[in-house]
Amino acid sequence: ADKVTLQLKWVTQAQFAGYYVAKDKGFYEAEGLDVEIKPGGPDIAPEQVIAGGGADVIVDWMGGALAAREKGVPLVNIAQPFKKAGMQLVCPKDGPIKTEADFKGHTLGVWFFGNEYPFYAWMNKLGLKTDGGPDGVTVLKQSFDVQPLIQKQADCISVMTYNEYWQLIDAGYKPEELIVFNYSAMGNDLLEDGLYASEDKLKDPAFEDKMVRFVRASMKGWKYAVDNSDEAAGIVMDNGGQDENHQKRMMGEVAKLIDNADGKLDPATYARTAKALLDQKIITKEPTGAYTTAITDKAIK
Amino acid sequence: MDSFRDKLIPVTSILAGVMVVWYIMAVILNAPFQRDLDRRAGETPDVVEFIGKTMSQPKPTLPAPHQVAVNFFENTFLRKITSNRSLVYNAWVTLSSTLLGFAFGTALGIVIAVGIVHVATLDRSLMPWIIASQTIPILAVAPMIIVVLAAVGVTGLIPKALISTYLSFFPVAVGMVKGLRSPELTHLDLMYTYNASPSQTFWKLRVPASVPFLFTSMKVAVAASLVGAIVGELPTGAVAGIGAKLLAGAYYSQTIDIWSALVAGSVVAALLVMVVGIAGRIVDRAMGGRPA
Amino acid sequence: MSDLLSLSSIAPRSWQGFAALALLAGAFLLWPLVDVTPGYDVTTGVLIFFLLLLAIQFDHFPPVARAIFLFIGAHGAAWLLLAGITGNEGSARASFYLMLAAAWLLAWRCVTVLSALRPTSRWAATALRLIIPAIFGAWILIIWEAVTRGAGIPFILLPPPSAIGVRIANSLPVLAADVRQTIFKAVIFGYVVGSGAGFLAAIAADRVPFLRRGLLPIGNMVSALPIIGVAPIMVMWFGFDWQSKAAVVIIMTFFPMLVNTVAGLAASGHMERDLMRTYASSYWQTLFKLRLPAAAPFIFNALKINSTLALIGAIVAEFFGTPVVGMGFRISTEVGRMNIDMVWAEIAVAALAGSVFYGVVALFERAVTFWHPSVRGG
Amino acid sequence: MTGASPAVVSASKLGLTFQTSDGPVQALSNVDLTIGKGEFVSFIGPSGCGKTTLLRVIADLEKPTSGAISVNGMTPEQARESRAYGYVFQAAALYPWRTISRNVALPLEIMGLSKAEQAARIKRTLDLVNLSGFEQKYPWQLSGGMQQRASIARALAFDADLLLMDEPFGALDEIVRDHLNEQLLELWERTNKTICFVTHSIPEAVYLSTRIIVMSPRPGRVSDVIESTLPKQRPLDIRETPEFLAIAARVRDGLRAGHSYDD
Amino acid sequence: MTGASPAVVSASKLGLTFQTSDGPVQALSNVDLTIGKGEFVSFIGPSGCGKTTLLRVIADLEKPTSGAISVNGMTPEQARESRAYGYVFQAAALYPWRTISRNVALPLEIMGLSKAEQAARIKRTLDLVNLSGFEQKYPWQLSGGMQQRASIARALAFDADLLLMDEPFGALDEIVRDHLNEQLLELWERTNKTICFVTHSIPEAVYLSTRIIVMSPRPGRVSDVIESTLPKQRPLDIRETPEFLAIAARVRDGLRAGHSYDD
């Protein structure tokens, strides 16, 4: 079988259920692939891993991939399983912020490590400065949990619909006690989890074929995971996930982002993402050739 | 042994004091969130009930000692040792890369020290850079090291062990330079009057004279090595190990897990330092050391 | 000059010289240096050979002249090699590395010659003490530059030092703000408070034997713990700003100081303490006049250890949540943005700050413990 | 003479046993001793016989495990607290971070003397031991002999009536030693101090003392007490007189009696 | 006797200047010296006059900065490499991690002698210095005197024809010292070794030597050379004979002449 190494963006959890399901259910095997899934972590940059040859394909957000592309790692989006963004900003209802107009002068928690672009694009759109001055907002680099809100260190924090949001619920907040700013709902979403491979390698037809099979099997895995979310959560647990209930809920939420599991990239969201990055000077030139529909077209007939 | 008895009472009473302070702090630190919770739930518990609740939150700001103890006990003794949730298993994962890194680090430190003591060029050029190397924030470099090593096909235990090596070679190198230079001038002169060869002087004089220094610095090195292994586990995807437990705990705000992982780390650290200490004492005794 | 030309003196005088000559021959046979055209032009190539041969030849001269020519030859050649590879990244052939190795060997020879010099003037001795490690450090950078450029290592894995240098020069305001946040707020405060508290606790433990017997075993154990693990907890308790970083630094520096000071207070000799007894000196008199001065080497040892620990602690703590400034913040975000050169710029600044910090403590140590054999001796 | 003056040191049935990990070591056993005011008493005996230990008991640096001892009619502890004696250790024990003059100043600072008084005493005692001109040097810049003299100066600056000296001249060469012996005798005569002096050298003991106490080892006992019949005025060449040699021979015999070669 | 036998050590116009951070220190200046086979030469002089330095030059532990010196007709370096001498240091310098017998074995291991030969030599020399029974003890379990004897045994085990001894008995009490003096004399007589011996004690120098070299300090010079007229057979009580005392007086005068009190 052909070997494929997949580098995830984060630790093993239902966010990546499709790949684990595809592996466990033998979808990869059926395509003649032997796939190794490498979990990520807080300081693992998948772009670095693929640049160093440690992976054939990575799960990444478009922002990081375009930045890397400009730095000489020619990443190409070959599939986009997540159609919508899972990120949102939440504020407690009894706090000072009720609408976008209330942000001024308050402290907002944001994730960095490539996850900050949507937030800055949004603030840019609102015309708010982010340098901590009185007519802007104060930005905190938030840890990967919901403590800043519980400890009242921030007025609003970033959460993923499928993950940290539920930690807040666990911590005793009721959904009706929270104000939610969802990036997708606001039309501010940038592309999240997509599959990226190296442009150079894709020129090799054999590799391209391998990727077609990989994407086909992965999307089959995603479909299965969406349809059987409890079983998918169990598979994630078997592969090192933590806290089964949490994974089940996460699977449920992730399913909402997948849509119809065809992995096709939406050009409008792509354009928005590229523009946001340009506006923030994360990249300096309009990117070209940063995605291809060739793979998904062949994979999903 | 009677020094042990001398220490027993003070140590236990100070530990008891720490416990009391810990409980008080737990109540104080957990109180605001509990108040929020009660307010949202519309409850008004009395003081005793309230204190009881502050000490039984599932994700407290500061877990009470008994919460940590229970968690530690469950994860140490009630889980299958091969289970990913067993602290014994995770401690073993960390321990193995600690030991490997410690072995590398000690060897590297000794080699550097021998070089510095014997080669004038190294003596004069290397030392400032060895010190500078230790001021590099290792956690920042660790992920990159791991990625670069993965790029050349080195994965698993070795990358973590290399971070341990990086942290542990320093105390050994510094200690051994001191140790290999510790023979008194008359002892060196004596060797010279015998027309001893450099290797004879090295093995018969410098090496034995440096042994106490070696073990003292190995104690520091083994602790540094453990820190390295834990740091090295953070960016490897939090698969297994004490570092992974810490990270997973932080990721899900499972403070009790963090604390019991910390306790596990402490136990490992204490054991490692103790083992090195005992080895040192055995060697010292074998070399005719004078009992203290 | 005739001596230079006479055949008998063509042979190099050191093994480094021989090896360098052999490497040069190899490089000549495997010409050219890079895979691409135009690559190196002929004049540059000849100049590199000439410089290296010159360095090998001048090994026959008196030490100072020898060192100067070795220095010029080795570093001039290295400079030309690096200048040529820039723009031709990833195309280096074996001969490029052979030339580089030859230059490196000659630089080693240069350091060996310099190490053997015994200058009489104090000024020259100090200069030598600085030059020798500087050459060593320069070669770390030269080899790093040559390998990253020569092998064309992707920029986002490991940028060459020249790019890092450019980045430092272009980002001074950002770097300065980060240093202010991390070092001038968190590190200094935490270092002073942590070391101070450790010192006072040591005195208290010394005064109250019960405390000493109880605290020391605990302190010994705690100082071996992976304190880094408390960083997320401190962020949880003390908030995002520098206070939580300072708290981590305080915890990290407290125990080394405690343990060392207690050891130092026990370091004064029996006879010296008996002497104080014969004067019926009070506890505090003995402490200030005998035991603290005798403990100074230990206390400085702790201060030195703490100077590196403090920096690492603060930067690590910033990984778990910060305002959007600080060295740890910058390192972790810029990795995410693939600005690896900025990451290395921060690391370089951290290493520099740490070395300066260490150096300042070491200078203080020399001034205060001038009487200690380890300082007197050298 | 001894009986008439009031006892400065008086010990009876004094014993001291060290508890070591190898078992108890009896360092002193059954020592009876009375030293009167103005006496110069030397202690001599083989290495390890307990001379230093006895001096340390007098100085309250060790507690006897049996018997009784008084110093100036007080317990040793009270005597120490009233700063009744100066002590010169076997090694110089100078503080390396203090210059010579500040080393001599140390006990004076602790007693809380005025700066002027301190300066006067430092000058006087450093002159006495021939160290003027070295005030600003650090101990490691001096030879062993000079260091030892500085430590003697330090004890003298203290100016107590009782001086306990533990082989103060052990590290010095014979000529310097002779010179300091003369100086010490002169000082003793002039100030009427009481001096307890430990030495390994028979001529030194005989030359200096009014009484020589010979000790024997394991456990340390007083094996002989020899009263000197020499006059108070003692030029250096008194050491060639038959009277001197006779006393020296007695001391040597006493020493040899209690001696075994395997230490 | 001196002139007839071949010179073991011969120095002419020997000088040695140490370069220190405070400026040069002239430790030896213009030393002329010839030591014949089988002689027992003592060096005596005030502290810091260069006795140790002279011995170290002979042993090739220091290089002279002027003048010439030969040992057994070779340069000191060649002599050292041919293991021409045994050296006893001022301090015992035993290795604390080796037992007494393994300390004595050290030079023998380095020479590469067979185990059996080593054992035989160790036994013989430890017997000689009265340390049998202490073979398996570590240095710290022995008294200072016993340690010094062990270090002498180590030098003797080396069995070189020339013995350089730097105040070997300085740390011992008089009785043990007398005993070792006798033993050393006996050894010297029996083996016809050449011995260079540094001491601070005038009686010791006179008792042991065939020749006494008096040195004076700053810079170290030979200020007097005294040939002993005492017979080779010397019982201990020879020290009370007028002949002995006369030589001792001459040495003392020589010493005093070159002495200044401020070291």
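The first chain written gets the first letter, and so on, giving A, B, C, D and E; residue counts start at 1 in each chain.
Criterion: a contact is a pair of C-beta atoms (placed from the backbone, for glycine too) under 8 Å apart; a residue touches a chain by one contact, two chains touch by 3 or more.
What you see is a predicted model; the values in this text were computed from it and never measured.
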Problem set entry | Where chain B and chain D overlap in contact partners, by chain label | C, E
Exercise. By label order, what chains touch chain C and chain D together?
Worked result: none
For this session: Figure out the least number of contact steps between chain A and chain D, where 1 means they touch directly.
Result: 2
Exercise. Computing the C-alpha centre of each chain, which chain sits at the greatest distance from chain C?
Worked result: D
Exercise. Which chain is most remote from chain E in terms of Cα centres?
Worked result: A
Problem set entry | Pair of chains ranked first by number of touching C-beta pairs | B-C
Exercise. How big is the gap, in whole Å, between where the Cα atoms of chain D centre and where those of chain E centre?
Worked result: 31
Exercise. If you average the CA atoms of chain B and of chain E, how far apart do the two points sit, in angstrom?
Worked result: 53
Exercise. Roughly how many whole angstrom separate the Cα centroids of chain A and chain E?
Worked result: 85
Problem set entry | Separation of chain A from chain C, taking each centre as the mean of its C-alpha atoms, in whole Å | 39
For this session: Going through chain A residue by residue, note those that touch at least 2 other chains and give them in order.
Result: 42-43, 45, 48, 51-52, 143, 147, 151
Problem set entry | Residue numbers of chain D (touch at least two other chains) | none
Exercise. So which bits of chain C are touching at least two other chains?
Worked result: 157, 232, 236, 319-320, 332, 335, 340
For this session: Report the complete set of touching chain pairs.
Result: A-B, A-C, B-C, B-E, C-D, D-E
Exercise. Touching chain C in the complex: which residues of chain B?
Worked result: 6-7, 9-11, 13-15, 29, 61-62, 120-121, 123-129, 131-141, 143-144, 147-148, 151, 219, 222-223, 226-227, 230-231, 242, 246, 250, 255, 258, 261-262, 265-266, 269-270, 272-273
Problem set entry | Sites on chain D touched by chain E in the complex | 45-48, 130-131, 133, 142-146, 172-176, 179, 200-202, 240, 245, 252, 255-256, 259, 261-263
Seminar exercise, completed: In the complex, the residues of chain C that touch chain A are 154-157, 232, 235-236, 239-240, 318-324, 329, 332-333, 335-340
Seminar exercise, completed: chain B residues touching chain E in their complex are 184, 186-187, 189-196, 200, 204-205, 208-209, 211, 287-290
For this session: Sort out for me which residues of chain C touch chain D in the complex.
Result: 269, 271-272, 274-281, 285, 289-290, 293, 296, 369-373, 376
